[in-house]
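In structure tokens below, several structures.
Shared between the two complexes below is subunit A, which pairs with subunit B and subunit C, respectively.
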Partner chain A sequence: MTAILGFLRGSWTISVYTWREGMRKKTLIGFLILSILVIFGSSFMTAFLAQTTVGAGEEEINIETKLIKDICVTAISIFGVLIAIFISASVVPTEVENKVVYTVLSKPVSRFQYLLGKFVGAQLIIIINLALMGGLFFVALYAKERIMPTLLLWAVLLTYFEFLVVSAFTFAVSCTATSAVLPTIAGLFIYITGNLTEYLKDVYNRAGQTGQWFDEMIGQIAYGLYQILPNLQNFSMKNQILYLQPNDPPRDVQIPNLIAYGLVYAVAGYIIAYWVFRRKEL
Partner chain B sequence: MKNKAHIVLAALLIVVLGLGVLQGNRVRHLRESTLFYRWILAEATQARVFDDADLGTDAQGKKIMDRELLGAVVETTEKLLPDVALGAEDYDKDGHPLKKLILLARDQQDRAIWELASGNALAQERKDFLAYLREKRLTSVASEVRTGDMYTDQGVGVSLSNIFFGFRMLAANFVWLQVDKYWHEGAVHRMLPLMKTCVTLDPHFVDAYQIGAWHLAYNITAHMLDTPEHLKEWHPKYKARLGKKEIYYYLAIDYLKDGIRKNPRNYKLYFDLGFAVYNLKLKDYANAVKYLSEAIRYRHDKWVPRQLYICLELNGQYEEALAGWQDYLKRNPGHEVAQRFIIRNRGLIKEKQADEAWERAQQTQDPAAAKAAKAEAERLHNEAVDIWQSMTGGSGDIDPFASGRIMRIKALRLIEEERYLEAIAILENARWKSNALFDEASRMIMETKLKAGLPLSVSEKKAVLRREEAERYRNLPPPQTES
Partner chain C sequence: MSVVIETHDLTKIYEGAFKAQDVHAVQDLNLQVQAGEIFGYLGPNGSGKTTTIKMILGLIFPSAGAIEILGRKDYRSPSVRKQIGYLPEGAYYPDFLRGEEVLRFYGHLYGLGGADLRQRIDNVIETVGLTYARARLIRGYSKGMRQRIGLAQALLSDPDILILDEPTTGLDPIARKEIRDILAGLRDQGKTLLISSHELLEVELISNRVGILSEGVLQVSGTLDQLLTERDVVIEVDASNRQAIAKLNAAGVETEDTVDDKARMRIPGTVALYDALEICKAESAILISVAPRRETLEELFVRIIGAAEGATQEGPKE
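Here is the complex of A and B:
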């Protein structure tokens, strides 16, 4: 028990240190400020509509609210994923570049412990940024509707688990690199391909139409990849959640399943990261 | 030792990825079931509310499969669901009992529908649904906008395949800003295809449907004259003769119905369809009642039932309107409008009963029965007058509507006594006193003049000609389609 507590304490110390260091990064602060500006600015975007639409009454107000919701959800998605990719891509390579990793690993800290600390630290940064953006969105929406937008919390939660998957695989790539550039590019690639996984099913459905073995083989490969690769489109529910009814049976079932889905792929990403990192020449 | 660690990590990764595949399949099943569930809700509502038994074909000539698939789903669920005692409302317009699934959807038993949609019992139907969805042969999901002929041969303007990552809804907002801009520039021809783009990008953009329909039914037609009957053309789709102006009302209906297909639980679309288009524009009170009755099934604003009861009154369903207002007053004690309309509908019921008694008196051959019926009509008219006299406005004056109704009763008595000129004078006064009575009083004046052989005014002659022309074209059989 003491050993486990000691192990966790070591990882937690590294996490907190990673978080403190990460929050000082200028790029990260830049993304955060931009996202806050966009979320704050969404209320002003509606001015375009208010000036032009006359006589629609209540619908005009509804469109304004919808504009705020859609802009904020999109801003959180864009800036949130940039923050997640940037931070996950840089926490390990920066330490390798600065040679800090040598000092840390020379202490009684295992590589697993170190990596877990780094990964959890990155997640703390993502969660805090997401909470800041989500909080501002919450305030903007409440100021408009005067109703507690509780469904927004579910949307933000699902957004986090989408970022967790992207972050875990970006983190795995970052463990192979010595600078943050390659993992950042890889992270963007992971996000894009993760959103395009659905197309692999289309490839599978269309393959085999010619009856040639090569065609069928491509279809089978596409289907295999479709099964194994994480599908970020599964999290698309976060965009609709704000417009669903309070009692929506599919939503209630999907949310815990999506959380479990995100966690499983995050663990897979972390295992790959550790597998790479434990063999790294340090 | 090193190899052993690799093997352990590789095995662990395979196990976790295996779990990922399993969970992925579970999530995929839930996503597909969700689509299927939402389609069942939409389609079950449409099958009950809309009359379009056959949805026709798509642009490529493929048959739209919603109704067939719903038929298969209903057939399976009829065996699975327990029998329920049917009430008076549980029959369709042909008197057939509504199917169990349709009743579940109507009564918003969403959990039960979800259990069916995600369970094994409807596995085959779900598979068929996904296949039809891929082929874009379903209209009740966000795969296609079917708004009739409005957009024929006009491009959508946005390639949906290029838009992913869930930013479609944001794009829809910006497209809507453009629609709004075009509207204020008067560029209707540019606005219409963009409206389609907007709701294609975000089929749950209810306000776009509402404002779009408002543009179509009101703003575009505001400066257009009513089309003369002989210039109207037969539209088989709408089963009506329509001119350039009138077609826009039906396009607004199509647009709102498309919105209802995608958002079957949103009262606003039913409300706009029933009240704004069928009631105010087409004066089709039966359909107005139908859609407003649907609107109040879902979570709605306070004014929605009030408009339903007003349409019930306009449709001559005074008893239902009275019951509705009484219920409304019970839920909103002291509501002044409800109190006023309760009295109003009581008066109208009395007048209706008096008119029926009068009709009986005219038709019967038995003098004693005729005398009794006339006496009954007289008594009911007196009761109606008493009710109208009790309707006072804030200043203590008799309400203009009530005053108009009293004049109408007086005029009917004068016509009975063949004192036509006096009756016409009273009706002239009545139609200017009460807006609601204008059409009815004008019609009564013309009928009285024709009955008494009195000369018609120029505007009355024109009105008679218009009515005759409309009647002539109404009775024309629809043109035969060329084979």
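Here is the complex of A and C:
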């Protein structure tokens, strides 16, 4: 029990340090300020638009509100994932570069403990930034509609698990790298690919129409990738945010299943990171 | 005296894409550091000093050979690492933290906390002479202060062994002297210090034993008395007597320099002192001083490294 507590304490110390240092990174602060400006700006911008509604009854949508929602959801997705990628790509390579890792790993700290601390620290940064952006969106939406936008809370929760998956794989790549450049590019690639996996299924469905062997092979590869790669679209509740009432319950999403889905990919990413880092020459 | 750090045929090869591109950073290194001594680990850039230290600390993995620390082969285990304090060369300490916060962070990594950690922080801060700046942000620290906070973090667990990589490089003479005094004090407390350095004078002043590494191979190792065996005599004569100086040079006495009409001349071991003095007498040269001199560590270093590099350039004899 004491050993477990000691293990967790060491990791938590590294997490808190990572979080404190990460929150001071200028790039991250820049992304956060931009996202806040966009979220505030959306409310300001729509104030000049005429009140317009489309549809009728339950389907009636206020265009002005929809625009705010659209801008805010997009801003949170873009800036949130940039923050997640940037921080996950840099927490380990930066410490290798400035030699902090030497002073830490020469203490009675295992590489597993160190990585866990860095990963959890990166998650703290991502969660706090997401909470800030989501909180602002929440306030903006509440101010506009005077209804508690509880649906948004579910959307933000799922968005975090989407970021967690991207972050875990970016972190794994960062453990192989000596600078943050390659893992940042890899993170963007993971995010884009993860959002396009439905197209892979489409490729599989269309494959084999020419009857040629390579056509079949491409179909099988696309299917294999579809099965392996995380489908980040699963985490998106953008359409529900745009078209449902702010206090509606989430529809057609199994939130516990999605959380489990995200966690499985995150654990896989972390295991890859550790597998790479445990024999890394520092 | 017991051995606290020991390596057996320790080898590190950084593998390239092809065998010919392999870099043999350390080769068959057999090193012994005794308890309670300061061991100066010397060598030019790229000689394998930092690679050895990183292997000892488990930051990189040996290609062959073994390491024992405090008699234990599981030198990477947490219980062994608790006994080692490490100061890397040019390490960074977060600017946004205060001196004592940096130490608290490292203390938590040792599993320390509460009153015990506070007490230890007080002690190490006092040892390195940073009490006055403990509450200052690191960004306001000078290079010497950063080095001292680095030394403090290495001392936090009150380790038996201290491994210091270039502890005085880049410091001004006063800061260097202060660090040197701290290190000597630690040795007097019974701690074992392995110091890798380019500052040969510093090492000579405080080390009990030294090892000189060149191209990954330990060339010599021993106490300064064992290694600095070459002794010669330095005489100072009136520089205006050019004929006497020419005759001394012809006899093998080397002129080191001439300052204020005094020529300082080294009589190597191959020339008898009395022969040189006889020349001075015959030429009526004014003899200002005669003093014995031991070879310096710098001279030994240059001699050893020169010989090692010469041997490498000649290549293996058929």
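Throughout what follows, the second predicted complex is superposed on the first by the 254 of 282 C-alpha atoms of A that agree within 3 Å, B and C clash if a C-alpha of one lies under 4 Å from a C-alpha of the other, contacts with A are read in each partner's own complex, and residues count from 1 in each chain.
The definition used in the following text is that a residue touches a chain if its C-beta (ideal position, glycine included) is under 8 Å from a C-beta of that chain, and two chains touch if they have at least 3 such contacts.
Since we're looking at a predicted model, the values are computed, not measured.
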Partner chain(s) touched by A:66 [first = subunit B, second = subunit C, both, neither]: first
First, second, both or neither for A:153, with subunit B first and subunit C second: neither
Touched partner set for A:37, first subunit B, second subunit C, both or neither: neither
Subunit B versus subunit C as contact partner of A:281, first or second or both or neither: second
Superposed model, subunit A: greater residue contact from subunit B or subunit C: B
Partner chain(s) touched by A:100 [first = subunit B, second = subunit C, both, neither]: second
First, second, both or neither for A:21, with subunit B first and subunit C second: second
Contacts of A:109 with subunit B and subunit C, given as first, second, both or neither: second
Complex contact set, residues of subunit C against subunit A: 54, 57-61, 78-79, 81-82, 84, 86, 88-94, 96-97, 105-106, 108-111, 150, 153, 157
Subunit C partner contacts - residues on subunit A that touch it in the complex: 6, 9-10, 13-14, 17, 20-21, 24, 98-100, 102-110, 279, 281-282
Parts of subunit A lying in touch with subunit B, wherever the complex brings them together: 48-49, 52-53, 56, 59, 62-63, 66-67, 70-71, 73-74, 77, 195-196, 205, 227-228, 230-231, 233-234, 236-240, 243, 245, 247-250, 253-254, 257-258, 260-261, 264-265, 267-268, 271-272, 274-275, 278
Sites on subunit B touched by subunit A in the complex: 5-6, 9-10, 12-13, 16-17, 19-21, 23-28, 30-31, 33-34, 37-38, 110-111, 114, 118, 134, 164-167, 169-170, 172-173, 176-177, 180-181, 184, 204-208, 210-211, 214, 265
